[in-house]
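Structures follow.
Look at the two complexes coming up: chain A is in both, with chain B in one and chain C in the other.
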Partner chain A sequence: MKKQINSSVLGWVVLIIILYSIPIYMKNLNWLGILTFANIFVLFAISWDISSGHTGYLSLGHTFFIGLGGYASGMLTHHLGFSLFPSIVISSLFAMVLGTLIIIPAFRVRGPYFLMLSFALPLFLTGIVRIGYFTDYTGGHMGLFPLPVFASVPDRYKVYYLTLTIMLLIGIPLWRLSKSEIGHILRAIYNDEELVGNLGFNPFKFKLLAFTVSNFVAGLGGALWVHNMGSVAPHSILDLYIMVQIVIAVMIGGEGTIIGPILGAYFCVILLEALQPYAPGPWRLLIFTLIGAGMIAVKPTGIFIAICQKLDDFIQKKVRGS
Partner chain B sequence: MSKIFEVENLKKSFGSIEAVRNVCFDVKQGEILGIIGPNGAGKTTLFNLIMGVYRQDDGKLLLRGHDISRLKTFQRVNKGISRTFQFARNFSSLTVMQHIRMAMLSDKLSLSSKGEQERDREANRIADVVKLGGSKSKYPGELNIEELRKLELSMALAVKPDILLLDEMFAGLTETESKDIIDIIRTMIKSGDPTTAIIIDHNLAALSEIVHRVVAIDLGEKIAEGSFEQVISDQAVKKAYLGEYVQ
Partner chain C sequence: MAGDILSILILGLIVSSMYMLIATGFTIIYSVSNILDLSYFGFLMVGAYSYLLFYEVFPTYICLILAMITTSILYILMYKVVIRRLIDNPVLVVVMTVLFNLVLEYILLIVFSRAQRNLFPVIPGVTEIYGTKFHTNMFFVMAASSTVMIAFWLFIKKTYAGKAILAISMDAKGAKLSGIDPDKNMTIVYAIAGLMAGLSGISYGAYTAVYPDMFMFPLIIVLAIVLIGGLGSIKGTIIASGVIGFLEIITTYWIDPKARGLSALICIILILYIRPQGFFGRKQTL
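After this line comes the complex of A and B, so read on.
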């Protein structure tokens, strides 16, 4: 029998070692803060990947689910005095339940129709947030602040480790789900939903599963995001640009793979920050978008997942050679 | 032989076009039934109605005496009907083996690796039955048209159906390739894997080798039923295929 090494597990071990050891050699608190945001942004990317990236029900309304979690936690802590962690859990569940109930009717359509329906969702939430009647609760255009934060600035190490651990606790099971037969079926729905039904599977059940999990993770990410920033406002959580970043992160990573979007999300956040000194203001977003679009054009199935596959081939060859 | 499947007065219209008109027939356990008719006769619509892709306007579909006409496609599959398509369909991101393994799962989903060996053994057996043993790790993009047909057949088999619906299985195949598929179908039916099949095809030579009985339809209506020889010598069938030139 040929010798084979489980390079996926090896890859995870290397990634975990690198991510956990960053604070040991990185003394720049600003960059540590950026990487903390990256840990949370990974949750946005993988939550979009497990639903849209796997099933092909491409959504441009993912910030709606992120916003549900963010606003719910913001209001629970700001108005009702909830402490941080119960509020985050309740808000994630709220985003999961309400988000799923809202998205279910949209399963009747797919392709551009689903895309347009999903696109309306964050606009709808932005409208609700800004309506005069609700502004006492939502903070309106300015948002809600100050919100409780995880820790003060000198303790950014703790926040980094907390968000990293949560990201891994979500990311690894999602990756496992993606690799399982359920993951195969979700990707099969992307390919040919009617054929999936012809194999005896109820496609609705699988779409429901994917979007329920996705909405929970998006809501969790949204809640973590607002308590990392200390505020929640439409422009900081419901903006179309956040959606564009999520899609770019998933596409350059490799949709339908989970690990690709994780790497893609870190790359996007780091790239955006690295561009800051050289491309101020709108130039930064413009250059970032061009780089992202270029990377997608070069390798539509994902640059990072392609690199992972090349590494895997290399490792397997070496192992067999030895 | 007892009836396993019955189609009773099935009707379907698309706007003003009556695609299927009062079609009735039955299939007996262990039988291979052929359905023939010219292009646009309503053959594939009939399969789509049987599978629940379309909901009939009227009529009934009885599987072992139970009405399945209100069930969704996946429920009909789980009751024991599976199909192949006129144009071979597959999942581009899965290998042959992954296709078969997935089709075998049905509702027995699991994240654990329990029963993996047994499933592998059965998937290997199915791949061998359809003569795809040498292409198990290939993706659909690496297969030729005959292998793509076999891949569809393997998926349809893997759901363990009682009745298999084959839609133009021989389309685009050479005579040798058709013979290969005929052999596979014969072997399957003989081993009870599944026991019964309904085949739509224009390749009458290939059909004549395997069907026990034929139903001919034209313009959505049944125009003849009987043995292969009886049906192809029927005046109405000749007229449907050749038009007014038939004397």
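After this line comes the complex of A and C, so read on.
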């Protein structure tokens, strides 16, 4: 019987082992905090991938859904005294429901219009948050703080493992979804939506599914981030800069693959932090953006997914050869 | 009260003409190539900052011309080096041009620092009409914008190159079959868009100020204009600029000066629910 090896499963196992064992041999608390943030940022990236990356309906307004989750949880815990776990769950559901309701009308239109409409959403939320009437609730320009955080400094290990576990609990099912028939149909919509419709599938239902899932994960990510940071403010959570990081992470990883954006997300967060001591202020962002743009230009379909593909070919050849 | 209404009318006309110019430059690129080239807003900044730089040496009128020409040349360069390679992949164009704007912002932050700068007016001073004072430069902005728009319209209607561009915007393949060279004409389009971007940047800088992330606000305004007027329609752009311009003046005058961008954003959100494809159809001829 021919030896067969599923390199994706192997890859996941390797990734999980690496991620769980990092705190054992790396004791730097600062980096542990960064990696915790990375676990949450992965949620941002894969939620954008499952919707925009798969269907091709590029939304530049993803921070809107993240912000819905973040602000909901911030307000629930700050004003109404909810405890963390229920607040996060409710906020994610809130972001999912409200976010999907808001984006549904935009499904009527194609690429450029969808992009422009979605781009306006975070700006709109920023405006609303800062309006005088609401600042009592939203904290206005400065935001809400302090918010309950997961743990104090000595327990950063707990927070890291918590976020890592959540990331895997969301990431692996999303990856399975991407590899399933649903994922294939979503990617087909990217190529030719009319054809998909003519083949008997209802594109609207699939887009709805993708964006609903996406908004839930985005809201979850937003809520987690807000409680990791201890505050929520428009310039931190709704900024274009976050959106750009997400886009870069997904595009260097590989649109429509889930696993690519996961790797891309870690790469982006680690790179940005690694540049910190060498490049102050705008230099750091400049270099990061140039590197990101360069990596996208070199391989628009995704460098990390290409590497995974090469590894897979290599492994298959070795297995067959023996 | 009458003075109020007159001020609103005048300011509305000024702002509308300025927004119309900004939006037109962006629209013609989309009309001809079907890509959303967001770096146009970055080149708005190039225009404003190069005007500032030239001012060290030259008087204002020359600065204006030089800044416009510089922006145009740099934009053509951007087209030849970057955009031409990506033109088959609209998703990539959007991503890369957004990244370009950010890279430009960071470079400007490094070189010029976060401080806002004020643009030296082409025509300094203040004009008084019925008791309300206006910056005279703003009338210059209105005149310049209108002149460029009229010149552009004449170019499209009367010159061979203009008609070629019009043909490409209607049907790119058909135009190619008729012997129209798409690349050469795209270069012309980018040259024109560059001139418009330069003047728009200077106008917008005169209206507000010059700062490293000043590409965002015009981007939102043009978004609103293009969504109302429909991408690729000049007539729609003109009408929509009027709507957005007057809405902005009315909201800042009567409601809250800080709510400047909000009226445009609300328009965008309303469009989302009422008519996402815009009011004046998608691709009409220029």
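By our rule, the second predicted complex is superposed on the first by the 319 of 322 C-alpha atoms of A that agree within 3 Å, B and C clash if a C-alpha of one lies under 4 Å from a C-alpha of the other, contacts with A are read in each partner's own complex, and residues count from 1 in each chain.
By our rule, a contact is a pair of C-beta atoms (placed from the backbone, for glycine too) under 8 Å apart; a residue touches a chain by one contact, two chains touch by 3 or more.
Since the structure is predicted, the reported quantities are computational estimates derived from the model, not experimental observations.
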I'd like to know which partner A:L199 touches here: chain B for first, chain C for second, both or neither. first
May I ask you to decide whether A:L115 touches chain B, chain C, both, or neither, giving the answer as first, second, both or neither? second
Contact-wise, after the overlay, does A:I18 reach chain B, chain C, both or neither (first, second, both, neither)? neither
When the two structures are overlaid on chain A, which partner does A:L285 contact: first (chain B), second (chain C), both, or neither? second
Could you say whether A:A297 touches chain B, chain C, both of them, or neither, answering first, second, both or neither? second
Pick one for A:V247: touches chain B only (first), chain C only (second), both, or neither. second
On chain A, which partner touches more residues: chain B or chain C? C
Shared chain A contacts, counted only where both chain B and chain C touch the same residue: none
Once bound in the complex, which stretches of chain A touch chain C? 56, 58, 60, 102, 105-106, 108-109, 111-113, 115-117, 119-121, 123-124, 127, 240-241, 244, 247-248, 251, 281-283, 285-286, 289-290, 292-293, 296-297, 300
Counting only contacts in the complex, chain B reaches chain A at residues 51, 53, 72-74, 77-78, 82-83, 85, 89-94, 98, 101-103, 105-107, 109-111, 155, 158-159
Spell out the residues on chain A that touch chain B in their complex, using ranges where they run on. 176-177, 180-182, 184-185, 187-188, 191-192, 194-195, 197-203, 256
Chain C residues within the chain A interface of the complex: 30, 36, 89-92, 94-96, 98-100, 102-103, 105-107, 109-110, 216, 220, 223-224, 226-227, 231, 261-262, 265-266, 268-269, 271-273, 276-278
